[in-house]
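The chains carry the letters A, B and C, assigned in the order they are written, with residues numbered from 1 in each.
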Amino acid sequence: MSTSIESKRREKIGAIATASMANRAMPLIRNAWYVAAQGSELGRTPIARQLLERSVVLFRRENGEAVALQNRCCHRSFPLSEGRLEGDTLVCRYHGFRYNCEGRVIEVPSQSHPPGEIGVHCYPVREKSPFVWFWAGDPGKADEACLPHQEWLESADWDRYAGYLHINASYVHMHENLLDLSHLSFLHEKTFGTPEYARAPIEMTVEPPNFEVWRHVECELPAIYSKPLGWTGQKAIRSSGAQFVGPGLHVNTGVFRNLEIPESGQEPKPMVKVAQLITPESRDATHYWYCLSRNFARHDEGVTEFMKNAQYAAFSEDVYALEHIRGMQDLGEPPGFLEINVAADRPGVEMRRYLKQLSDAEQAG
Amino acid sequence: MSTSIESKRREKIGAIATASMANRAMPLIRNAWYVAAQGSELGRTPIARQLLERSVVLFRRENGEAVALQNRCCHRSFPLSEGRLEGDTLVCRYHGFRYNCEGRVIEVPSQSHPPGEIGVHCYPVREKSPFVWFWAGDPGKADEACLPHQEWLESADWDRYAGYLHINASYVHMHENLLDLSHLSFLHEKTFGTPEYARAPIEMTVEPPNFEVWRHVECELPAIYSKPLGWTGQKAIRSSGAQFVGPGLHVNTGVFRNLEIPESGQEPKPMVKVAQLITPESRDATHYWYCLSRNFARHDEGVTEFMKNAQYAAFSEDVYALEHIRGMQDLGEPPGFLEINVAADRPGVEMRRYLKQLSDAEQAG
Amino acid sequence: MSTSIESKRREKIGAIATASMANRAMPLIRNAWYVAAQGSELGRTPIARQLLERSVVLFRRENGEAVALQNRCCHRSFPLSEGRLEGDTLVCRYHGFRYNCEGRVIEVPSQSHPPGEIGVHCYPVREKSPFVWFWAGDPGKADEACLPHQEWLESADWDRYAGYLHINASYVHMHENLLDLSHLSFLHEKTFGTPEYARAPIEMTVEPPNFEVWRHVECELPAIYSKPLGWTGQKAIRSSGAQFVGPGLHVNTGVFRNLEIPESGQEPKPMVKVAQLITPESRDATHYWYCLSRNFARHDEGVTEFMKNAQYAAFSEDVYALEHIRGMQDLGEPPGFLEINVAADRPGVEMRRYLKQLSDAEQAG
């Protein structure tokens, strides 16, 4: 393609250089709450986890409180997660340096007392079932009011299950993927999607920091919902919402209305709410927890098991997409490469611009 | 070795810094025809292949014509090879963008029409049995007259078979290896080579872009030829030619004359012609197809099978050599490192200089 | 932690930026003797080994003398270790270049004689049972008087065995680990260490190039020593010495005195001397040979076998520690990262400074 054609094309299609938006190369946003673990993972045996490019050791105090410390001993960089808990202290396996739960060294075996105030970074932690959140950046800026925990994640009004997938790709692309409902008919055609989805009108909220998308589609629901609802073969309205809550959380909502039975008998409407917990492991790898809550088929373990498996299959398709995209990106960009954006991409593009602003501000600060 | 001894040594032996010749670090030559696939590999299921540092999707139109497109969707970089063909269109599996066989997007499901002229690079393709060639660079410069296809590759006058090997090393070194007949007695001593080979005189043509080498050796032929010819234990003249045709093709020729029977009865002389199809996957990895044609033992499947196996063993020795050399190169060069060149290396060295000029010209252009 | 707190902390604890000491990024020290192999590894089949970032080919002459040459043919970089020995010459398998044991090319098959004085680097070698030493740097500086061989390694007064471990970590950290006895109670608590060790006083010699540490501990010996000595359950004095001898050698000594039998009957005291042979493979990988000599339980194969297995388990713990530390380092250092040093670290810190000086001097020279 000649340069002049390329230049006209660019003008017409509003192509955006990926560098102006958040992308995989962007420094991670540290001043935010992210999920570090499911609460059920933590106990009295320390575990190591790479979170936001750092190794973190996670464990519980004797009283059950979750603790997250820098996993690199301040003495010779041995991972503290290889050590052992003695009461509320963690003893490094290399030279026996003893840390308290604030990350402070309180004993150096080879001498009478530690040489001053030494220790490792202690991450602010808040546990809200089923997840343990941590503040990755400056502890002085950790604001509990900003914790993106959602009440329904703990409420007894819902049935729920949680799952985890690891993604060898940037969390930026996962956020964009989740805010984008136009891929359901294609990427998820055998799981979540139905053909009508692709062409349905989109309601958008694009008011940083709020980014939200809704579609209302008349269709036969996919099996993951129609089977538990007993609506197989019936027409319904499926309303799907996707909401960016913050760097560490995205929420999807599904509301269902059966068109073959009277509306009056459907209150409260059957709903699912899915928390999507996105924690960068590095710029190119992502921890991805999710937790689906439903207000129908309550206390039915069979339904839980069925939906859990179906959702795992569907979310694995997202992982497959993101990792394939990363493979393409790894080959580098040909000269003049531009990503094309269409109207439906606006929420994702603006969300990526917002993430870029957060990152730039941190780098400048 | 002291610096002054080193300096004298360099003068005397005409050592050449590898940077003045084509080497593994050199930008690839894109304005050239290369083989993308054997024709038998392509069908109605798209396949992905990395060619010259880019991912390419390959498939056939409904009418059988081969198509090669950039494999990275212009929207969100998903590999098009994961999508599906519908007639002569290829539908991206991520968001359903529909491409025609020229790489143009003709449908974006989330809106009424595509936002202007968007699409992916479409590679000029020419199929000449048994191979599918593509032009890796500027389509405006693709000249069908330069297609390095050889008539005998399709001619019914020859029996043939094709094979493939992957090389984790630069195509530059493969070209040099193929133009160099002095390694047959050593690297291929158990397959292709005979001891006389190492010391035979060399006829050289070094007139860029023509690089050709011939050796005529009186010997007992190696089994790969003597068995099919029924010449085991007999003296023969083996004439071997090696010819650089272009960045994507090298041709080897073998002509045989039995010294124990009258020459008059040996016309046309038994010959093999081997097309060596060299396509860089990246700077450090190479697709290597080959196709041997013979004018003897015609229509004998047993001979074909025997020669195919013997040649695979011999060519695998080249792969072994190139990958071991790459392993040495990967360790980096000690200070003052120089490669020594001897008289027999001249065609290879000049061919590498020629490749460097092509690459430099493209980078400048 | 705020900047001012951090600054005060640094002052008080004398934290040292790792860049001022030898570390994994430091250019390797080449002008030194290192072990290339155990003598038992070498024979008439050439072997390749990566030593100090270079590939070296090792073999024996017909008279048994060990030879170490650059393993990269000066012609086309093929590894000479793939070639074959013919008498005292090594023939490259690629083009038949023939080398003598000084690394000089004495035959190029494609021409009447080699083009001048060409060849590969020949490393000075000295074999002292059980090891083959080589000088990695300028041969003109190879001083046999500096060979760090120890008499007891060959003496018939000791029983001995040798072993090998590969470490995916810098040799600098292995040297520091070996000079540091304060980790025995923790890292080696199940093998070498006893609890008393951690708090025992330390005798230090820190007079570059001499770095030595001793501890004398009253304890029940760990099984590796108590079982062979028949001292299980008995109180003893364990004196442990750690001595940096040079970049390629560290020596550990253990002297034992049983407190439950008269001292007069314990001369000469039971001792072990452990040579720790540290050869960088690269900046981030290390060959680690060791050889333990003992003056007790002489000629008892059962004891040799028992101690060999116990020591392998203990030394594997060091490998585990160093590789885990490397994993932490691979994640990069957070802003303002400092390693804390305590009093017991002084010998290691000063030894690392000394190594840095050696490296700096070589780089400047």
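Here, contacts are C-beta pairs under 8 Å (C-beta built on N, C-alpha and C of every residue); 3 or more make two chains touch, one makes a residue touch a chain.
Since the model is a prediction, treat every value here as computed from it, not as a measurement.
K.L.:
Same residues or different residues: which describes how chain A and chain C meet, taking over half shared numbers as same?
P.N.:
Different residues, largely: of all residue numbers at this interface, under half are found in both copies.
K.L.:
Given a C-alpha superposition of chain B onto chain C, how large is the rotation in degrees, taken in steps of 5?
P.N.:
Superposing chain B on chain C takes a rotation of 120 degrees, nearest 5.
K.L.:
When the centre of a chain is set as the mean of its C-alpha atoms, what distance in Å lies between chain A and chain C?
P.N.:
46
K.L.:
Hunt down the residues of chain B that sit against at least two other chains at once, touch-wise.
P.N.:
none
K.L.:
How about chain A: which of its residues touch chain B in the complex?
P.N.:
1-2, 5, 9, 12-14, 180, 182-183, 185-187, 198-199, 202, 321, 324-325, 327-329, 331-332, 334, 338-345
K.L.:
Enumerate the contact residues on chain A facing chain C in the complex.
P.N.:
It comes out as residues 50, 53-55, 70-72, 74-79, 82, 91-96, 105, 108-111, 114-118, 121, 140.
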